[in-house]
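A short write-up of the structure that comes next.
Letters A, B, C, D, E and F name the chains as they come in the text, with residue numbers starting at 1 for each one.
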Amino acid sequence: MKRIALVPGTFDPITIGHVDIIDRALPMFDELWIGIGRNSIKQSLFPEEKRREWIENIYGSNKKIKVEAYEGLTTDFCHKIGALFIIRGIRTTADFDYEKNIAQMNKAQYPDIESIFLMCNPAYTAISSTIVRDIIRNGGDASQFIPSQIKL
Amino acid sequence: MKRIALVPGTFDPITIGHVDIIDRALPMFDELWIGIGRNSIKQSLFPEEKRREWIENIYGSNKKIKVEAYEGLTTDFCHKIGALFIIRGIRTTADFDYEKNIAQMNKAQYPDIESIFLMCNPAYTAISSTIVRDIIRNGGDASQFIPSQIKL
Amino acid sequence: MKRIALVPGTFDPITIGHVDIIDRALPMFDELWIGIGRNSIKQSLFPEEKRREWIENIYGSNKKIKVEAYEGLTTDFCHKIGALFIIRGIRTTADFDYEKNIAQMNKAQYPDIESIFLMCNPAYTAISSTIVRDIIRNGGDASQFIPSQIKL
Amino acid sequence: MKRIALVPGTFDPITIGHVDIIDRALPMFDELWIGIGRNSIKQSLFPEEKRREWIENIYGSNKKIKVEAYEGLTTDFCHKIGALFIIRGIRTTADFDYEKNIAQMNKAQYPDIESIFLMCNPAYTAISSTIVRDIIRNGGDASQFIPSQIKL
Amino acid sequence: MKRIALVPGTFDPITIGHVDIIDRALPMFDELWIGIGRNSIKQSLFPEEKRREWIENIYGSNKKIKVEAYEGLTTDFCHKIGALFIIRGIRTTADFDYEKNIAQMNKAQYPDIESIFLMCNPAYTAISSTIVRDIIRNGGDASQFIPSQIKL
Amino acid sequence: MKRIALVPGTFDPITIGHVDIIDRALPMFDELWIGIGRNSIKQSLFPEEKRREWIENIYGSNKKIKVEAYEGLTTDFCHKIGALFIIRGIRTTADFDYEKNIAQMNKAQYPDIESIFLMCNPAYTAISSTIVRDIIRNGGDASQFIPSQIKL
């Protein structure tokens, strides 16, 4: 049976932290989906098409990787694509607290889906899309925190 | 003297986690108020009448329990109902950080009121109204996280 | 029915932080036991008789308070003295993590016993018997951290 | 060379916690700027002029202190005023997680600027502008948490 | 290529928390080693043979699982058995802090080995071998926290 | 007046994390002492002479830096050398909790001494003398975590 995993996120924008987690998760699975979650409440800084295009620029040539946007529950999207594993990176204890609750609630609802966590590369610990957006909004240079393949 | 306590919250909606804390706090007090805090800034998912009705369905027959909505400071509501104790459940370190600050600020202002904390039942650690609302908004089934007496 | 609570600890030595928690817990209960836990593994700095004597100097005249040393599980001691409540103060997230586990394990074994937590007075947050002992061992002056009734 | 530091914040309003950090940072530097950050997203409770006036009332006579509002990145403002040090107080682990990320991102972009942290006075640990605003909005009395020089 | 993982631990004794993590990790891998780490500094409560026997009683019939004791670095043992993945469960923020450091140090030394984390089943969050040993040492009944197949 | 600071530690052994903190603290002060604390309870892995020699190899030519071992309270050593500032690096929330308590207790006893914290370089977050010792004890190669000037 194929082992299929989902890396969900908003990727607004994708950072070198995301790329590190995706690259490290790849050897564990036969197929890896990068799912761009649509959030009806929070407004994104970059349009969905742009965020998707950036990811495809980075991973487009990799046959194991698929990119798709989705709305609704992440677990429902997992079922749709046949993924039994959700991959998340953890950077800080605040991340941990948040991710733990989500993972445990998902598991309570869908015991067949397992959430799997990787520890962030320490050098990338502080990099979050939130801070990257903040730098961009204030006219700063965030290029060292995003993959070299994308131009903001 | 009667020992009166308040369990404040938004209860949007009430979860099995809330019920667990209320049930465990009951033996400690002679009278227990469930106070539905009105928040002028955050919009609730369920109307106040609905939230109150659900709580009354669960606890209506219990003579020790009273249910009431309030606005303004929780400590002012305590004084109004004669409660010297505020009950809160804690689930995570994020909860702890938040609750500690509120409790210490309340104590600084009203030294006669004591905030008392119970540790969440571990099986309910991940359940929060926030995640329950998120599941409902995305069309998921949150019924296992809310008391059986209420129908969403 | 009398509401009986236990404040367990090593009290090596009792600090103004302990006294604050005990004083604040008193109004909630009809009887409050201060239980000096004997720890077969960790060596105490002060002998048990001394630690007990200090507590009795502080609370000896209070009819609601009883002081006793115990060995074995804290929950077993609760059953012996008829206490359904264990009182603990929390200072930091490290405390929280530790206390949560103990409380939840106790609850799993003895559902009739409830652990109740008070947030430390912020001014006393940093005071622990561990640091007090460290100051004493290094010849420092720890008098501001211990109750005025006791002379080290 | 003059050692110049910046204490950035929203100061909405300035609290006794801020004052404590500023007073303790003063001996370390030859010049200390209090920078009122303009946030285009979050609406402040008090107008910028008011917040600035309060700070000037408190520190106006101190020759080492300068007060100025700024927009954009804090690090850019540092360069503008010649400050190589950013001062921040930390109160809780939530603060720590947040501040660590900001400091490390700033350092990655501007290695010449160092962020320096002081531990909050324990008595002021729970005091945040957020809770102070909440008290004020709900008609409570927050005067014990703000410097005596200012009248809300 | 076979995906081989190691679940390292002291298993002093194995708890239902360990079993939950092992059972959930199984579908991800083709071969799963349970490695009993020998610790030259900390004395175990139960002898190594006993701890190994318990694990074999539980998993002996499972062809995918192998049990072996090892000394030295966990990463060296990984190389010896051909495991590219280390599996760990996380229960609390204290766990998280500890595990993050170990995982990041291992990754720095052996970039080919990935540490993978599962969030503890919330119902088992408080269960640790440390507390289980403490209950046993104090004559308490820890049977609900250990797998039914083993008799202490 | 000269600004003198102390960087206290056990330095068993000194790591690239320590060196990073010391290097970043240097511009803030006129004189920086590296104090090797003697701990009567915990046995060090490397003898004091060796640890001191390593530090002197690294910083020996720097006129602003002095190296000395001390026993007793760190604050007493500060007074002896005229240091009004204690420098510490923070890596994790566990560090934060620990350092906060020590700093606040020191401040309560000696209000003239200020503890100052720098956030660890993210790339060095996981590096601690404890883990480095563990690697060395188990025959691993820890050379990438210690300064190139020293040979273990």
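Quick note on the criterion: a residue touches a chain if its C-beta (ideal position, glycine included) is under 8 Å from a C-beta of that chain, and two chains touch if they have at least 3 such contacts.
Predicted, not measured: the structure shown is a model, and the values here were computed from it.
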Discussion item. Hopping along touching chains only, can you work out the least number of steps from chain E to chain F?
Written reply: 1
Response to the item:
Chains adjacent to chain A and to chain D under the stated definition are B, F
Fill in: Residue-number overlap at the chain A/chain B interface, same or different (half cut)
different
Worksheet, complete the sentence: If CA atoms of chain C are superposed on chain F, the rotation in degrees (nearest 5) amounts to 120
Fill in: A-F or C-E - the one linked by more C-beta pairs in contact
C-E
Item to complete: Return the distance between the CA-based centres of chain A and chain C, expressed in whole Å.
Response: 46
Worksheet item: In whole angstrom, what separates the CA-based centres of chain B and chain C?
Response: 28
Worksheet item: Measuring from the mean C-alpha position of chain C to the mean C-alpha position of chain D, what distance in angstrom results?
Response: 38
Fill in: For chain D, residues contacting two or more additional chains
93-94, 97, 100, 103-104, 122, 125-126
Worksheet item: Taking all chains into account, which pairs touch?
Response: A-B, A-D, A-E, A-F, B-C, B-D, B-E, C-D, C-E, C-F, D-F, E-F
Fill in: Of all residues in chain B, those that touch chain D in their complex
40, 71-73, 75-76, 93-94, 97-98, 100-105, 108-109
Worksheet item: Okay, in this complex, where on chain B does chain C touch?
Response: 3, 24, 27-28, 84-85, 90, 93, 96-97, 99-100, 103-104, 107, 114-119, 121-122
Worksheet item: What residues of chain B sit close enough to touch chain A in their complex?
Response: 91-94, 125-128, 131, 135, 137-141, 144-145
Worksheet item: In their shared complex, at which residues does chain F touch chain A?
Response: 93, 122-126
